[in-house]
Every structure is written in C-alpha cells, then in structure tokens.
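Structure provided below as structure tokens; questions to follow.
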Amino acid sequence: MTNPDYGRAFPLWREAAAEAWYRYTHHPFVERLGDGSLSREAFLHYLRQDYVFLIHFSRAWALAAAKAETMEELQAAAATVHALVHVEMPLHINTCAAEGISQGELESTLERTENLAYTRFVLEAGYSGDFLDLMAALAPCVLGYGEIGLRLAASAGVTPWRGWIDTYAGAEFQDACRTVGALIDHSLTRRLGEVWEQQPRWIRLCARFETATQLEIGFWDMGLQPHV
Amino acid sequence: MTNPDYGRAFPLWREAAAEAWYRYTHHPFVERLGDGSLSREAFLHYLRQDYVFLIHFSRAWALAAAKAETMEELQAAAATVHALVHVEMPLHINTCAAEGISQGELESTLERTENLAYTRFVLEAGYSGDFLDLMAALAPCVLGYGEIGLRLAASAGVTPWRGWIDTYAGAEFQDACRTVGALIDHSLTRRLGEVWEQQPRWIRLCARFETATQLEIGFWDMGLQPHV
Amino acid sequence: MTNPDYGRAFPLWREAAAEAWYRYTHHPFVERLGDGSLSREAFLHYLRQDYVFLIHFSRAWALAAAKAETMEELQAAAATVHALVHVEMPLHINTCAAEGISQGELESTLERTENLAYTRFVLEAGYSGDFLDLMAALAPCVLGYGEIGLRLAASAGVTPWRGWIDTYAGAEFQDACRTVGALIDHSLTRRLGEVWEQQPRWIRLCARFETATQLEIGFWDMGLQPHV
Amino acid sequence: MTNPDYGRAFPLWREAAAEAWYRYTHHPFVERLGDGSLSREAFLHYLRQDYVFLIHFSRAWALAAAKAETMEELQAAAATVHALVHVEMPLHINTCAAEGISQGELESTLERTENLAYTRFVLEAGYSGDFLDLMAALAPCVLGYGEIGLRLAASAGVTPWRGWIDTYAGAEFQDACRTVGALIDHSLTRRLGEVWEQQPRWIRLCARFETATQLEIGFWDMGLQPHV
C-alpha cells in the first residue's frame, strides 16, 4: 500500500523515526481495531482517555495559533482548534454516549500517566520552543491517525470498530491531514528556508517527532491495560 | 443612558478604573467617530493599525484557549478566536479594501509603539499569569467597544463612520460582549469563589484592567496622530 | 519520628496526598538506599536520569523566577536556580565522575518516559498556570527529598549510599527546604489571602501536588528498572 | 573610537539597525549624562523607572534560562539572572538610597508606558518565540549600555553622573557584555548553523533587535520627560 501524501516534511520525519513509527502505526491495539479482536472494555477505556487527550491536544493547537507568525498560520491553527473543539469533541462525546459513557463520566476520567506524559510533552515543546517545535510534536498524532485510518480502511475485515476506522479514513479527516501537512511545510520553509532538511534544527525537529511517536506507542500500550 | 449589562465583574472593573475608563470611552477619537468630524485619513490610519492589533488580539484569545481549565472555557475562547480570525478579520480586510487599502498594504503596516505596547502587555499578562490575567487584560477592548458602540448608536448624528458604530452596536457584537462577560464571571468564580471581589487577587485584576484601559487611551491618541 | 517543619502549606498538601506521599517517601528504592541493598547499577541508572531531571527542574525554577510577582519571589526563585545550576549540578557531575560516569556520558543519557512525564508536567503547569501552580508542582521533589533525607539519616544502617543521604539530610539542603517552604507560604498568602486552604484554588493546588507526587513514585519505579 | 568587540552577531545587528542604533546610543539623554547637563531630577526619574525595568529584564533573562537547550545556555542565562538580581539590583537600590530614594519608594514607582512597552515586548518575544528571539530582544540593552559606557568613559568631561558611566564602562560590565555576545553567537550557530546571517530567520532577528532598539530610544525619551 502506498503511503498517504501529506506533504514533504512528513515522509522525512517518518523515515527518521522509522522503527518507532512502525511500532506506533502497527501497534497491537491498532491491529485489533482492524481485525475486530479489541475488547469493548479496552475500546471504552481508550475513548475515555482520548477525551482527556483531546482537551489538551486542542489546547496545544490553540497555543500554535498564539505562536503563529503569519495570518495563514494563525488561520490554519485556529481552524484546527475550531474543528477539534466544536466538531471532533462533540462527536467524541456522542460516540461515548452511544457506548453508554455520559459526559459527566468522561469529565471525571482519571488521566493516566501515559496520557499526561504525551500531552505535557507537546505543550511544553510549544511553550519552550516555537511554532516548529509544536508542529513536530503535533504531527505524529494527526498524520499517524490519518495513515492508520487509511491502511485499516483498505485492509480491515469485519470489526465492531469500523466507525473509528471510517472517521480517520474519511475525506474530512484526510483533508485535515493534507492541510496540516501543508502548514508544516510552509512553516518550515518560512523559518528554515527551502532546504530545511540541511539545517541544524532539522535533526532536533526529527527528535521531537520521534519522541511524540514514542509517546503514541505508550498511549496504545495504555489502551491495552484497562485495569491498571 | 444606562450602562450595558455585560455581567457582574465588568461594572466593578469599570468603576475601579473610572477616570481612565471615561477617558477611553469618551476619547476625542470616539467623539469624532460619533459626530463625523474624524478625518478619513485618521480613520484609515486607525484601520491599518487595528489590523495589526487584531492579529495579536486573536493570538491572545488563542492563548486563553491554551490556558483554559474547563471544556466551557476552552470552547468559549476557541469560539472567540474563530470569530476574530474567520469573521472579524475578513470583514476588516473588506472594509479596508472598500477604503482602497489592499491586504498587502495592511500586512506591511508598520506597527506603532502604542499598538505594540498594548498587545504585548496583554499577551505577556497571559503568558506570565493565568486565564484570569488574560480576561482582565482582554476585557477593556471587547467590552469597551461594545459600550462605545451602543452609546454612539444612540447619540451619534450623521457621520461617515456609521458603519463602524453599527458593527459594535450590532446584535452580533453585543452578544459576543455578553458571552465574554459571562465567561469572565464564571472563570472568576471558578478560581476565586463567589465573593471574588474580596480576594487579594481582585485588586491586581483591577490593576490589569486599568492598565489595559490606559493602553486603549494610548491607542486612540495614536489614532489622532496619523503622521508621526 | 517528627515530620520536618517546612512551613504551613506543606503538611496540608502532604496530608491531602497522604497515600501517594507515603508510597513516594517510603518507596522500595528509598528503603534500599537506606538499608544499603540498592544495587550500584540501579544507583548509577538513577544518577544518570537525575542529571536530565535536574536540567529540566532548573528550567522550571527559572520559569518561576520569570513568573515572580515580587522582588522577594524573584530573588528566592533566582537563588534556587543558582544553587541548582552552579552548585547542585556541578556536585552531581562530580558524584557521577567518582562513579566513573563522564559528563559526556551524562549528556547523552536517553531520557526515560517516567522522567520526561514528570518534568514536562511541572513545566507545563508553570507555563499554563501561574507561580502557585509551579510551587505546588515543584514542592514534592524539594521537600520530599528533604523529608526522605532526614528520615534515612536517622534510621539508615551501613549503606554505600550514605553520601546521598547526607546531602539531603545536610544543613544546606534542609535550609533550602525551609526557604522554599516559606516562599510557598508567602506566595499563597499574597494570592489567596490568609485562609488560602478555604479557597477554590486550594483543592486544585492539592491535586497538582498529588500528581507531582505520583510522578515521583514513577521516577523511583523507573530507578528499579535499569534495563528497560 | 573603535566599536567594542562583543562577538560576531552584534556588529551585524547594529549595522542592520544603524540609524536607530545611533539615535539610541547618542540620544540627548546619553549626551547629557556625558557632559553633565542632565538634571538631577531627570536622573532620579530615570533611576526609578530603571528599577521597574530591571525587575522585568531579570524576569526575561530567567525566561531565557527556562528556554535554554544546553547546559551552557542554562548556566550562562542563570548567571546573568543571578548577577542582575543579587548584584545589580542591590547596587541599584543603594545608588537610589544615596540619592534619597528609599526602596519602598522605588517599589511604588508608577511604571511608564514607554517602560512597559519595552519589557513586555522582550518578554512576549521570548514566550512566543524561542531562545534566539529573546537574545535578539535582550541584546540592545546589555550591549548598548556597554557601548555607551565605553564611549562616555573615553569622552565625557566633568559630570555628576560619572558613577553611572564607570559602572557600564567598568571591567565587570564589559566582561558581562563579552559573555552575552559569546552566548548569542553560540546559540545562533547551534540553531541556524555557521552561516546564520543567510538564514530566513536572520532578517527577523534583525527586526527584533531593531524594535528593541527603538524601544530603548523611547525609554531615553521618557527619561527627559520627568513630569508627564
């Protein structure tokens, strides 16, 4: 299967973090979403933690808007915040409601350490660094889910988690991935020039991307340990 | 004329900064918008600076979203960012275009010190402080424009700047003012309890509000000095 | 044994997080430091991770200085940064050198997730919140090490890790604990008034303190898993 | 007179902001410090505002420590904070005391807008950007005072403000300037490579430096308007 086309930086970052990227995108949690063997309990546990994750993830995109240097960056980041907060999160709440988890229950979810580690890493990268640090730390989640969604949509059998797959393989989310990919490329060019992959910062942005990918693996690991 | 009702905190802040508040909301620039004596040159100068202001103001609201502690705060701040970036700013660009100022010209506006002082004060208050510091620093612009708009709409004569007045006196902006007022009240109660005006932080939030009001005065002053 | 006196807020925070606090301060890693059963390998692993930790911990104290509201807060936070960066860290480097770990080796330490989770939580608490959020997140490390040091100094048998114990039980570090405790109390009073434990923010500061304590437990857990 | 040697970036930044740099370093306030014609009232007014300035300037250097990426950057920034907070500010307080201004009076100084504009610009540059943005915004004050001090020391006649001149022309402050210059050069090379002046970010760092220089001019302007 061909890798999705989310711009120029993404395949380079993915390549630089190849081993971790594979473990993230082919994690047992992912495979079980695809073959239907993921238990409902594990899925609900994941949904609950993902609610907490989405709040902090939205905050990180809001921070990107605060750190934007151009009108285009500001609008792109603000549009992502809006999509997350006013579309994705209400959708998430509805999905949870359909599974019998009330919003009150979602809000009282105890944040797991693997979850906390990931979002605080992203936010701190953004606060201490600049817009690019945020992009590198935010990319694995957005673009990885896009890639996972596409792959599972093409390969998955009968699975109760088809809805999840369709969301991330769907045109709307894939569009969002391309938009984010373009934003990343533009923001790199603006700050590091056309050959950004030869700049000293590039290697550190690759490291940011890889650490975020490792933390995605930790998030899936947590997803398979509902009772801890 | 009765003061507009934007919640509980606003009249207290306004009262605590009464002298500055009056000088801000009854500034010669404002009066000339109302009586039509403001020169076109001064108005266009103001529009250009206001474009730069709106970018940083949007960033400050995005920072508020990043610093939100509840889903409600996150959604309210994100909605304001969205309104600013995807409604207000395009509207602003159109208004300027109608006056013969291209977007390229807007983007090359040289930021005046009075403008810079104001937005950096707001952003720094937010970065160094918390959500409440941002609310107190953001309030004078949003709620002051609402109050000015209402007053001028009721009192203004024939003026070429009726469009400006109608924007801020209009239902949409007045709604936004009430929403922001409610957000401020809720965020105060959440952090300082029901009698927040008796907390030690209250006095410092009043000072934040007053400094931002002083910087609004500086912004109007600048509006009357187009050539400097 | 009597608990150490580090001011008024500390015993309240400790009490509110009692179960986690006990697991942190009486963690098997701590007990093995005291009875001498901790392996050299585990201790060196801990030292290496602690080097990375100290860098981020120093940055967090520097952030506290940036967020200080008074000259006293600024001086106290700056003094702590200075002690960490120009006394504690060189000492740490010497201790490691004595154990055969070069500074180059220290600098190439791969940061473990448990370590990252903790420091990014503290830094993000500080960036997103205010000075108090930082104090609550920083307290468990400083004051907990002081308490552990004192207890082990009084109870420990023959142990190769006596140097570690003496450092934290020593007059200099105990002084630092009392200074930090006083800074916490003053900064609470300044912002929340005399009866800060009845303010709505108090409960959230307690939660900050408890989460940081949980992350200390995670750090000790990691200390016992040198090979992972 | 030869320009002082504070490293490689400084002369390039100075050159790029040549006109503003001249107006800052040869401002009437500066000339009157040198020829002794500055009134005592103006000098005391300046000292009072400078006290407020130094607090925020120290906070900005603390933010640089928080944003450091290497041990060297952390130590250099922390050393500057320490020098400012525990040497410079006590010295400043003593100078003021000698002129009959108590510390209490200093602390109640009403911050002037020109002062606020400058420090909030620096702090916001640091919060929204990265370590380099801070360096470019901090450089004009540190290195400009070094340059002014040297020039006045060589050229000034009999002046009551000889103490001020000697402080900034003195070996200690000149050492600090060279240290800061070296820190700037290293941090540029680390992030932008050896030929950082050909990177797209360079032009924006030059703009940061120039804006900060403009705000220094505003600060001197304010110094000559004691009564406003």
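Labels for the chains are A, B, C and D, by order of writing; each one numbers its residues from 1.
By our rule, a contact is a pair of C-beta atoms (placed from the backbone, for glycine too) under 8 Å apart; a residue touches a chain by one contact, two chains touch by 3 or more.
No experiment lies behind these values; they were computed from the predicted model shown.
S.K.: If you walk touching chains, what's the least steps from chain A to chain C?
M.R.: 1
S.K.: More contacting C-beta pairs: B-C or B-D?
M.R.: B-D
S.K.: Centre to centre, using CA atoms, which chain is the farthest one from chain D?
M.R.: A
S.K.: In angstrom, rounded to a whole number, how far apart do the mean CA points of chain C and chain D lie?
M.R.: Each chain's C-alpha centroid was found; their separation is 35 Å.
S.K.: With chain centres defined as C-alpha means, what is the inter-centre distance between chain B and chain D in Å?
M.R.: The mean C-alpha positions of chain B and chain D differ by 32 Å.
S.K.: Counting in whole Å, what is the centre-to-centre distance of chain B and chain C, each centre being its mean C-alpha position?
M.R.: Centre-to-centre distance between chain B and chain C: 42 Å.
S.K.: Enumerate the residues of chain D that touch no fewer than two other chains.
M.R.: Touching at least two other chains: 59, 66-67, 123, 127-128.
S.K.: Quick one: which bits of chain A touch chain D in the complex? Just the residue numbers, please.
M.R.: 66-67, 127-130, 133, 190-193, 199-201
S.K.: Write out the stretch or stretches of chain C touching chain A in their complex.
M.R.: 59, 113-114, 116-117, 120-121, 123-124, 127-128, 211, 214-215, 218
S.K.: Residues of chain B touching chain A in their complex?
M.R.: Listed in rising order, the residues are 55, 58-60, 62-63, 65-68, 71, 74-75, 77-79, 81-82, 85-86, 89, 107, 123.
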